[in-house]
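The same chain A turns up in both complexes below, where it pairs with chain B and then with chain C.
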Partner chain A sequence: MRVKSSILGMALLATAATMGAPVPAAAQDSNYVPLFTYRTGPFSGSGIYIAEGMHDYLEMLNQRDGGIGGVKIAIEECETGYDTKKGLECYEAVKGKKPVVVNPWSTGITLPLIPRAAVDKVPVLSMAYGLSASAIGDTFPWIFNPPATYWDGMSMILSYIGTKEGGLDKLKGKTLGFIYLDAGYGKEPIPLLEQLAKDYGFTLKLYPVPATEMQNQSSQWLNVRRDKPDHMVMYGWGAMQPTAVKEAAKVNYPMDKFISIWWINEDDVGSAGPASKGLKSLNFHAVGDNFPAVQDIKKYVTDKNLTQTDKSHLGKVLYNRGVYNSMLIAEGIRNAQKLTGKKVITGEDMRRGLETLNVSEARLKEIGLAGFSGPVKLSCADHNGHFSTFMQEWDGTKWAKVSGDIKPMADKVSPLLTAAAKDYIDKNGNWPKRTEACDKAS
Partner chain B sequence: MDILYKILIDPFLQMGQAPDLLVQTLWEGLVSGVLYSLIALGFVLIFKASGVFNFAQGIMVVFAALTLVGLYELGVPAFVALGLTIVVMFGLAVAVERLMLRPLVNQPDIILFMATFGLTYFLIGFGELVFGGNPKKMIASELYLPSGAYDIKMFGGFVSLQKIDIAAAVIVSLMVISLAVFFQKTRIGRALRAVADSHKAALSVGISLEQIWVVVWFAAGIVALVTGIMWGARSEVSFSLQIIALKALPVLILGGFTSIPGAIIGGLIIGIGEKVGEFYWGPLLGSGIESWLAYVIALIFLLFRPQGLFGEKIIERI
Partner chain C sequence: MFYREAGQFKTTYQADQAVFPILQDRVGLALILIGAFVLIPLVASDFFLSVVMIPLLILALASIGLNILTGYTGLLSLGTGGFMGVGAFACYKLTTLFPGVNIVIWILVSGFFSTALGILFGLPSLRIKGFYLTVATLAAQFFLDWSFIRIQWLTNYNTSGAIEVPTRTLFSFPVTGPNATPQFRYLVILAVVTLLTWFASNLVHGRIGRMWMAVRDMDLAAELIGIPLYRTKLLAFAISSYYCGVAGALMVFFWYGSAEPGVFNIDQSFTILFMVIIGGLGSLTGSFFGAALIYGLPIMMKAVLHGLGINILPATVEHLTFMTVGALIVLVLIVEPLGLARLWQITKQKLRVWPFPY
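Now for the complex of A and B:
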């Protein structure tokens, strides 16, 4: 009994000591980049690839170039499990270490960080997710969400459907089904969809999927079978996506009418076997590993076992998404170094670096990513860019590009975005006016 | 008036206008219900033997399925992997009895309940450590489980019966019958029922509590394995499957925590009730109601039978 008590006491002491220990500060000769990831939990099917891509690109820069501008990147992952509560714990754990930027990788985590970013002077990079209205830099100087918002995404999907139907006016009288994860992310484009339904005269059917029912969607798809939507759009994540594809096949929904936002991956779509052939998804970067930068990841990181990445994941759509995310971080740091003349930058410097980000085609070629994605240029007023995407189709074994550039419907999205930003300010009381100066480059 | 029409008239008109969809909804509810019953059965077995609500039943479903798929991915033939998974679940039952239950004998039920929380987190961490966090494809075809569907034309429409769902219904029915026979007709089964009635009385007639606990945790492990295979084949094997296990809670409230028939009937009522409710009345409430509808159904039943459909009415002298 005494031995047991002693062991228990020692364990408690050890735990208390660990919890009370000061958080080690990031080394002064490095730029600290925490990565909020989820390699575990219900959303790990999506999260693992992204975590791998984000980590490996930054690690490759460390190994190949000694970091950025001669300064190493201090990479640290914090596991959120795509849980907002855990994400906020991660934020609290890292903010004392002076991160140059945080990547929440969850709209749910991003939303509560928006008001904190300006106070803590930590820029938030919510790459193609988060609050669509945070694209407005004058209102949200610390939030960046390039290259397109969820509203842009929805407008581009509508635009693509319009092209297939022979014009947006042909949407009149049609039915559009929207199946989505019943969370902040999934609900994000609904205001725009409702407006577009009024403008173009189509009927909108909503099919929310609660997180607890992600793998139990037969009801939603029975509703789809009854309502017979002419087109289905999905904003899914994690285990919701393969289940939705399987259920769509089960109710014989035509896959060529089923379009996903940019988050569906090869495993998700392949889960239904040949039946998923024809399913489409938006994308804004290439798939595959045939890029010098990705080959360098192989050479400097995966071949040297400096990562947990399964080598077969290189080039997969969400792996490349992680690479794209880290490319934006790296270019933001590089730009901030150029602007300030400092090697080790602060969050404020990074904010300026991101605000004047200009990743041109020439620059993409320079960093070994020619043809990987379109150029990205941000400004003081526009933290998103609202860039074009393209449609890709699952051919049974891989994604194939099936469209040219699709532009967002700026005329429809912009007024709503401005109104949403104003609404956000109204609801959040003393929202501070922007005091941060704009750099000339922006 | 319009809302009353939508609640009281329109759903029934829809049922009459598209009877094929009604049959399809009932079928989907039946299949979900069968699977809920199976999960609930795992809870009931352990609750009967030890009075513990096993919070770890959900993660046991994931752990069993991951072990099966993980072994297969290591190159073990499917049926050998199945056999080895059964061995692993037996090992887990023994480990739970030795390391968790035995040291907690005579502790209040709440302590045992909390211990099952600990077991849950251990299995999550251990499972992720061994098998990784990425979802896996269930080896359904390798286990000769059927795929595809029978599309039956009826009422001017069609009803699609997935072969895997039919297989699930048959396998689960056989399993329930086997468990019922095992616990009703065998010596161990009678011993289990004696333990369920009174630990002390059972001990006094020479029944080994340790042995019974191993048997019920092993049986719950087998139930978890079958659930994992069937649900994994419908979707994928991932840690989110453990969330579905929470669906067993309204089933248990409805059917009673100690009744095997209760778990089965309760599962079917919840499964069919939530699908019909979601399909015909869900759109009135913005859809996505089935996650809480199951609890509403269970609560309505509780108003009339507080002990659940088949639960024992316990009268205690104060």
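Now for the complex of A and C:
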């Protein structure tokens, strides 16, 4: 009985604590940046790298420069476990503390935040994921998804294959296999692929992988062996990626014909051992730690044990992706400060800052990331930029850049984008018209 | 001392058979209802309402649904997530096809679509029992899960394969969508959950509930005393699915605001099943307790750790809550295998004789 009553007592106490727990207010002299991360759960294999990269770059700015524009960045991580429920919980928890921007890091969490962003005045930075149509800034003034959408990604993979074959017209009569996660994300490029298949005369073979069957792809790859596609493209995530690489190796699919979108990491490819040599993946930023900014992370953060980061993670592809994400946040804050003249900015200021974001080559050099990525310039109409990416190849131990800049096929992608944005508005009935003024780029 | 029925004389059979025969229980229930309807919306923060109370009520409603099937009728089901999804997608289709009709009506109507599918997948329940029936409901879960991903008509051909909740109003206040205040959403959910719980309470205490329990305790004996097995089991499937469907629609429209099909996967079914088992099989109060323990406890633990000012990383907190909740579940099941509802009952019995237990 004593145990039972103490359980009841504890439950009561905890309830009281939750109801009374005050939301800790962010200090007035800092810019509050919550980071939604997933270091736990089934996707933590990717999430840990991303979380570390995001956190360490901002922490480095705090340590080295005392924040941005003389104001510290209040960094707070919130664990989502890649779960929509917990992501919304995180959002509700941070909302009251006036965040300048949120990074949902999951399409499932991004979608419910899209309508709320304008109401709560919190911009959403869904970097190269989320809703592709949110690239249209006139419809979605609060959502930003640079540097490229999944449709851009697919068109870039296609043009890379085109150059390999000696021209897109050479694709005629070829077969292209598309293996994808059978969810919104993986299915998104299919309309584009069907369009391109018609335009260039190649045959399209689809191999959907259900989310529950990510680690069992033998049937899909048996079909691949039967169909013998000339090229394979993968839109995978989590456990699906290492499994696909292993299965491809098992059916002896030529790895140099196997191209993935930008989410595959070293661990995924490495899982198949030396057999995965030659696999290609799209990327929009460099790998490796050979950049002054990343070296500064080493000097100011990891060497001083101000983070949990495993030192060997620095420079890995998804770590650098986190750095890239934080670089966009930092530059957005800096731009907003310049635009408004305020040191401590609000979500509204950040929205203006991101909208007129202009990270030029010179600016990248200034912040110690020369050659890390291409310049990023956004505008009121275009919240994505549709920037070029490049192809990288796995040489057995690391990624190596194997192509120049590949441009997305704007003529093929933009009609889809406009249609999708229009569709979103139609379905949402009274979607608010953009009332936010458009700033001149500073 | 205070909680005893001495002096409360029942002069009619009706009073004697009441669900709450003791005056103190009725007063307590009234206090809880007043607290839930008046006090909580007035004092609780937006965070508490939208992160703790709203999910808790919705999950409790789903637990009641599963409890009717598993706890009262003894048919173990793993299709809860799927049936919740049917409600959500039905509500989405209805409100986009007929935007003029009030959303609360559609929420309540969407449950009937779940009912239809529940009956369909309940059909094998006469021929197969126990684990085999569980497997049949598992098939329902997988089939429905598959449909949500594959049948694009359900999401109105949305490119991201998700449903996005449009803004709807009730008494000209927004009740869904980004402009709806947590207070208003909470009150609407509370009203729906209270109404349906009251209905369920009347069902399980009446003739139908007794039929369900007879089937649960021994179906052969139940058949011999004249209970039509097939109809009783199907009725349980139908009503259970109705509750799950309404809970699913509430979940997407009043809590998430948009949903990918993955929300209604098998994990959702298991979560609800755990709530039912921990809360207490065959108890409506238990459904609320179970939802509070499984869903609320991790949030409370985070708040407590945060409130104490302990500076640990959020990922560590996550691991800690996983371990503690797991341990607590095992502990509760060892200390009281019949669930929290039984614990509550024991407490009430002890209270009745307190402070002189002899």
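Convention: the second predicted complex is superposed on the first by the 430 of 442 C-alpha atoms of A that agree within 3 Å, B and C clash if a C-alpha of one lies under 4 Å from a C-alpha of the other, contacts with A are read in each partner's own complex, and residues count from 1 in each chain.
Here is the rule we use: contacts are C-beta pairs under 8 Å (C-beta built on N, C-alpha and C of every residue); 3 or more make two chains touch, one makes a residue touch a chain.
For clarity, every value in this text was computed on a predicted model and none was experimentally measured.
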Which of chain B and chain C A:267 touches, first, second, both or neither: first
Touching partner for A:214 - first (chain B), second (chain C), both, neither: first
First, second, both or neither for A:88, with chain B first and chain C second: second
Which of chain B and chain C A:246 touches, first, second, both or neither: first
Contacts of A:39 with chain B and chain C, given as first, second, both or neither: both
Which partner reaches more residues of chain A (counting touched residues only), chain B or chain C: C
Chain B versus chain C as contact partner of A:225, first or second or both or neither: first
Which superposed partner A:184 touches (first chain B, second chain C, both, neither): second
Partner chain in contact with A:138 - chain B first, chain C second, else both or neither: neither
Which superposed partner A:430 touches (first chain B, second chain C, both, neither): second
Interface residues of chain A shared between complexes with chain B and chain C: 39-40, 182, 210-212
Parts of chain A lying in touch with chain C, wherever the complex brings them together: 1, 3-5, 7-8, 11, 14-15, 17-19, 21, 23-24, 37, 39-40, 51, 77-79, 81, 84-85, 88-89, 92-93, 95-96, 107-108, 111-112, 114-116, 118-120, 131-133, 182-185, 187-188, 191, 210-212, 308, 420, 423-424, 427-430
Contact set on chain B toward chain A in their complex: 18, 21, 24-25, 28, 31-32, 124, 128, 132-135, 137, 149, 160, 162, 231, 234-236, 238-241, 243-244, 246-247, 274-275, 278-279, 282-283, 286-288, 290-291
Parts of chain C lying in touch with chain A, wherever the complex brings them together: 43-48, 50-52, 55, 96, 99, 145-146, 149, 156-162, 164, 166-167, 177-179, 255-263, 265-266, 292-293, 296-297, 299-301, 303-304, 306-307, 313-315, 317-319, 322, 328, 331-332, 335-336, 343, 346-347, 350
Residues on chain A engaged by chain B in the complex (per definition of touch): 39-45, 47-48, 182, 206-216, 218-220, 222-223, 225-226, 238-239, 242-243, 246, 250-252, 267, 271
